[in-house]
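Paired with chain B in one complex and with chain C in the other, chain A is shared by the two complexes that follow.
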Partner chain A sequence: MSKRENIRIPVSQQPFTVIQPEDTTTIGGTVSVQINEKKISVPLGMTILEACRQNQIHIPTLCHHPDLCIAGVCRICVVDVEGMRTLQTACSFPITTPIKIHTSTPMVRKARRHIIDLLLSEHYGECYSCFRNGNCELQSLAKEYGVDGYTFGHIDKPRYKVDHSSAAVVRDMSKCILCKRCVRTCIDLQEVGVLEAINRGHDTHIGTFLDKPLADVICINCGQCINRCPTAALRANDPSDEIWEAIDNPKKHVIIQTAPSPRAAIGEEFGIEAGHSFTGELNTALRRIGFDKVFDTNFTADLTIMEEGTELLNRLRKVIIDNDSSVKLPQFTSCSPGWIKFIEHFYPEYLDYLSTAKSPQQMFGALMKTFYAKQAGIDPADIVTVALMPCSAKKFECNRPEMKASGFKDIDYGLTTREMAKMIREAGIYLPEMPKSNFDEPFGDASGAGLIFGATGGVMEAALRTVYEIVTGREVPFKNLAIEPCRGFAGVKQASVKLDGCVEQYNFLEGVELKFVVAHGTANAKKVMEMLRKGELSDVHFVEIMACPGGCLGGGGQPIPTNAEIRRKRAQAIYAEDESLPVRKSHENPHIKYIYENFLTEGPCGKLSHKLLHTHYTKRGKFIS
Partner chain B sequence: MKSNVETKKRSGPVVFSEYQRSEGIKKALQLGRENILFELKISGLKGRGGAGFPTATKWMLTAAANANKKFIVCNADEGEPGTFKDRVLLLEYPELVFDGIVIAGFTIGAASGIIYLRGEYEYMLQPLEDYLAEMRKDNLLGKNILGKENFNFDISIRLGSGAYVCGEETALIESLEGFRGEPRNRPPYPVDTGYLGYPTVVNNVETLASVSHIVLKGGEWFKKHGTSKSTGSKLFSVSGDCEKPGVYELPWGIKIKELLEIVEAKNTKAVQVGGASGTCIAKSQFDRILGYEDAATGGSIIIFNENRDMLKVLKNFMEFFIEESCGQCTPCRIGNIKLMEGIIKIENGDFTFSYINNLKELGKTMQVASKCGLGQSSPNSFISILENFSEEILHTNGKGKENVKA
Partner chain C sequence: MFEYEKNSLTEEIENLVKHYGSDRPALLQILQAVQRKHKYISDFAQQEIARLLNIHPVEVYSIISFYSFLCSEPKGRNIVRLCRTISCDMAGKDKVESAVKRELGITFGETTNDGRITLEFTNCLGMCDQGPAMLVNDKVYTHLNPETAVNILNEVK
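After this line comes the complex of A and B, so read on.
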């Protein structure tokens, strides 16, 4: 594992891994090209950028992002292609003929330097007063090209007002360099389409419909735009000042719950390569910061499985036995707040398909300010609940007016992984060096099922581990409880498990092929919803949807940068930790059993559960006044 | 329309030479695709919009492309400051343009042609639609045109919305598709991936008008005019300080000073060849010829006499580019602003020569690193005016003289 000195390598300087097509001959053969005297053979249609990176030739990029379509707008990646009058952008130029490429001619170097100078002249602010200091692609380019002054001046007043309207995303367009990554993220990757370029020429800026505040448009708060912003133009709404204030107030009992994904990624904020979990170290760091209790969100993830799983069984019973046509199937998961806002805006007529179960974050808050407050003898008014989440939409979710089942705001603050890392650094702590410690009881013991909520397909896998066993009395028939059809990063996954040998209570399910669908990223969610609209999901029972590509581990609050490789490594870390845990099924979590015996005594989906742990949704629609 | 036809008094060697409606189409159907391409190739016709890409090559690439749909788009987004020749062609010689589009459609195998008409030319929409209706009536458009089995072709007119950049062919296509008028990455080129992803030929109005003549009268006839590298003739839109501004058809290869004589320009200090995106030529270079090999132009000739302040001229051009840049790529979006800042500093006499040289270097970067022709050509006037008139602008211009630093 890397040492402390190993600070983050800026994206533009990171080695780039190109996934080789399995068989290049099937896509049209190869072309011989010459890059800086080096003769190489590349698959037909490969871009100059890919060809260079594959051959360890560094080309700077800015508007290019591996998750997104090509823009070719920043022009920083220009190279000289022999025979062409102008320089060509390496990111967009497909190699189809044998060409000669020069990546570092005087003209190329000068052009790149000019482009950096131009961007800097319009980029408001100074690096030392910027939260992306040290992790900014423009800054690292300036360093790479030895910028030591503002050749073409530097803007001294912000051109745009900062938009603080959204609970989740803050937009500071004075720092925007118009790479349009956010636009491509919003339109192409997520298919939400809130952001687009407005006006032209020097007046071009990224804006919303009629330049309305972000809170007033159909933004789903997923924060994927933040993850792909190369500068500080987009950031999450940071509540850390308020949290410090609560921590420093001796009257306040400040509780933090940590979700599974941040612990699998927070190391990246401290210069550690992706794919290492820091669960124990994080617990210690949080206590040293001054949180009174450190609990595990996975506990309520287990609770979610109990509630949502029971809800599914109830729906199946009503449909199969009672022929109740008012009950909708398939049941859709409801733990991703970005997905919830997406369906509220884009498919408001299908809200009945959503599970009414709150997300694990919100269930936690409701329990803290009721059950826990009573047990610990603390006035719930003095409890401050903080949720460490990989997510920016959680900030919106905890501010939903309906999320006050306990009589108080269930969760006071949603904190992203990045903001948590900042607080840890502010406290003078270097996370990777922390000794490990456990979560606090009684909400510290969670199953591996709760943990894998962080990866796409995780909720489905966790639910199947429990539902299958409740219905049949046997473990799911997958080796090592790893339900492989749920795993991996395919956009939409479909599979089924046959229920047989059912216990008496569930013999109405005997022989039923339990069909499920898993999708991640709202573009894929849209595909699934269109399938539903066309009636293609009529035989499906359960659908898991996560708003972010890769699921929560690729969430909008996670460390920057993100790409497919990083998401894959985070998923590996999560699945490895699941395998290492003693309890891997939600219903076997002893504390879950305890809470149903001593507090939610009517069991899952009982009256008290409904009051505290379930919610309702708002038909928002796409038309905003 | 009628009234225009009656006032038709123009004459010229090629474009304004004799031509009757549908003659070109009839000849084209007779010749067949191969021969049309052959004649075009012989003619050496190059794109008349300014870029000068060989028309035959463009058509051949599209004709050879394997696709079930192809398009021919006529670029009538005449937006270059100082050009107004396409307006004359469309109003007075629609037969040349529309016949050219039909010939193109026949040759490349397109079933539909689109005219992208400049937003400001909305007043032409009705007369042009009327003309199309007549063509349909006479089976110059529609099914089995002039009895040619399976040659089905029609033309529609689409209006732009006033953006200069939409004259750039890929921005034009984006605009046609209903998106922001922003140039695309090239390659792929429109001949391969154009309108709606199909192979598309985008030709200037004048190019298509020339095609009608070439098909009728032959490539060799066309080639007789002009120079070896710039065949045929060109419509020049002449404006500025002269007695006889207007549209002239003159053979390529004519010297600037000859043109100035024809239009009766006196005491000329400078000629802006190619509009705002072209280059500014000083008196000492008036022996230069107009043609792709020397001073290329899409037709715009703007004449400045000795009373003109060249810095003001330059400032006017830069204002135009700042307004019209699509804002997509860095060099053009910010570069033009920086050049303008330089102009203002020169106006105020608050500059150093090293700063001006930096800006000229920036201009050169813009020429090679901008995404499309707009940003690639917007520094042309800056560079050429500052170079050709440095004495006037940097050394003797008002306050500049006193305050200039070494």
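After this line comes the complex of A and C, so read on.
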């Protein structure tokens, strides 16, 4: 033994030796690792976090989210890797060598505790006055690690002003812990690019371009950042106080319409596993809260299909018969307000491609304050319309200046699933125990086609069921009306249906291959728009785009958390409910027939329809001055 | 900003993009070039850079806010940065600071009325053995005392 080896070298100065992988010849081989005395074999390149989760070893995470890329910024997931000088973040450490990992050493526990203490020292506010109380990831970590005091102090004044400028999203940066989930959501997942980290070190905060208020930048209000925020730094603009006021006012006739997605998800707010619909229970709960009428948004979803489908057929006729070059194809759907604001900002030159039909929510408002008000003999000024939506962008949509077709604000308040659950709890109701009841007439009976609007591809499927039958006089040639190419969570789906044996009125469509594209999430929308720009969509007729991943069921107003697994279960719940309904095609809904016979007498896309049910768009552009 | 100024700025950035490339790694070099010429990166320039590099404007703003030597607000023609780190502080930074403030009639973080000088603090310049140290634009001055510091500032155009 040489003399040198006897000298004790501090760990930090010892040379770091790289251990070669066991099998370097095949990529995709396996590595055997030891986690807490347990020997396991994992695929090469798997992160420590994934390996631990597969083996039921719990590792706390904060900045990690299954929908987003790895960041490794919060460092709460640190583990001890033998041979490493410092603790390593489990979420961003790919296993390439046979290593030994310890997930619960005194050093690891102390580090995690200190990280939580440090996060809390900068986290303004008290839990009991916070709307995320009980559903906050920072709070549950503090509980998990037994935080019993503010070791490193606690900020007693807010560092930033709360940004209330946006109609949809409220930002309270004093509660932000800089996990950057919202940044990754906005830039990577949705590719909108509103939020980024501004400044450096202690001054870092999440901000917008030039630190402008959210209403002045290109935010599309999709609310995906809210769904991913671990704390209460981001939340939707909550109108429940105003709604309570309207309910408590005996003069006001308060109407609520419920969209398909909240019903399939609201159970999660009451501790029920994802994938259970609470349509009937929700109706009873809403009546007990004090809403005068509970209507179904699916009714106007059916109406949307009639209007949008007719518009598509009109466009096809103009293009094929009249060779009218001013008519644009493909026609894009206009149901998702996030997508509308996205195209207004990013592709203002393509606004002509959008269907002019309003979203089901706004069609409903316009009908409520005209047709329904007249039928029920109520002054439209006394009607308050509330929309239960899975969406934060709907709050912006109902505040658009052009959405006043009835002469009043068509929809007064947009309410998200989370806020509805809060109101139900406030009223002392436990939703899952409610008896079931039906919607109120005449806007209560809807078809399954309206229901599946909640899932990505749903609008397309509903439209095809109607358009195909109008054109050919037969049902769509798919088993059980389930148009499988529209379903599933692939980013961009492309398929076609051949139209043959057309009825006389539509014989110009004989033999036409009706091509359609379905995309969800604005990152995929961007891909589709680039395809359009390159001319790759010239033979496509109809494009459905939803701003949120998974469609409305993954919307920004849905219960937190939302991930791929939960979205899949909600979709299953929606499709299952569709199959259970007696009427599954929009044009067969008896109330739709009734409204076209008695109110919109000129039929779909007629003059009155155009006044009440169609809208126009604003070129907004990307430039911020 | 006038339209013709915008057009010339766009042209300038287009040339920079041609020179440095239109991918993300070129961003910092383009920003530095704009900063060198205009002494700040206007919000219009930021959005043009973002457009030409196909990234989001907020990312450009984030980068600018991260680096002390890039700024998004107009500043003086000359930027004077006085080191505030501990060795300069112990070597008499305070005296230099008050002399400079008195001479120019502004505090740190401000610009003189004629737009000649902007005063700022900086962290360590690496001149700890020769403090107090000061950076005038790109040039470092060391072993300052109130008198020399004021003389240096008076020579700046």
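Operating definition for what follows: the second predicted complex is superposed on the first by the 598 of 625 C-alpha atoms of A that agree within 3 Å, B and C clash if a C-alpha of one lies under 4 Å from a C-alpha of the other, contacts with A are read in each partner's own complex, and residues count from 1 in each chain.
We adopt the following convention: contacts are C-beta pairs under 8 Å (C-beta built on N, C-alpha and C of every residue); 3 or more make two chains touch, one makes a residue touch a chain.
From a predicted model like this one, the values you see are computed outputs, not experimental measurements.
*Asks:* Considering only touches as defined above, state whether A:Thr601 meets chain B (first), chain C (second), both or neither.
*Replies:* neither
*Asks:* First (chain B), second (chain C), both or neither: which does A:Asn133 touch?
*Replies:* So A:Asn133 meets neither chain B nor chain C here.
*Asks:* On the superposed three-chain arrangement, identify whether chain B or chain C touches more chain A residues.
*Replies:* Looking at chain A, the partner in contact with more of its residues is B.
*Asks:* Does the superposition put A:Gly72 against chain B (first), chain C (second), both, or neither?
*Replies:* So A:Gly72 only meets chain B here.
*Asks:* Name the contact category of A:Phe152: first (chain B only), second (chain C only), both, or neither.
*Replies:* Only chain B; A:Phe152 stays clear of chain C.
*Asks:* With both complexes overlaid on chain A, does A:His202 touch chain B (first), chain C (second), both or neither?
*Replies:* Once the two structures are laid over each other on A, A:His202 reaches chain B alone.
*Asks:* Return first, second, both or neither, reflecting whether A:Leu210 touches chain B, chain C, both chains, or no partner chain.
*Replies:* A:Leu210 sits against chain C, while chain B stays out of touch.
*Asks:* May I ask you to decide whether A:Ile624 touches chain B, chain C, both, or neither, giving the answer as first, second, both or neither?
*Replies:* Only chain C; A:Ile624 stays clear of chain B.
*Asks:* Quick one: is A:Ile187 in contact with chain B, with chain C, with both, or with neither? Answer first, second, both or neither.
*Replies:* Touch status of A:Ile187: second partner only.
*Asks:* In the superposed arrangement, what residues of chain A touch both chain B and chain C?
*Replies:* 196-197, 199-200
*Asks:* Touching residues of chain A toward chain B in the complex: what are they?
*Replies:* Chain A reaches chain B through residues 70, 72-76, 78, 85-87, 89, 92-94, 96, 107, 110-111, 114-115, 118-119, 121-122, 151-153, 177-178, 196-197, 199-204.
*Asks:* Which bits of chain C are touching chain A when the two form their complex?
*Replies:* Answer in residue numbers: 43-44, 46-47, 51, 55-59, 61-62, 65-66, 72.
*Asks:* Sort out for me which residues of chain A touch chain C in the complex.
*Replies:* Where chain A meets chain C, its residues are 187, 192-200, 207-210, 217, 622-625.
*Asks:* Quick one: which bits of chain B touch chain A in the complex? Just the residue numbers, please.
*Replies:* Residues 163, 165, 180, 185, 187-188, 322-331, 333-338, 341, 358, 361-362, 365, 367-371, 376.
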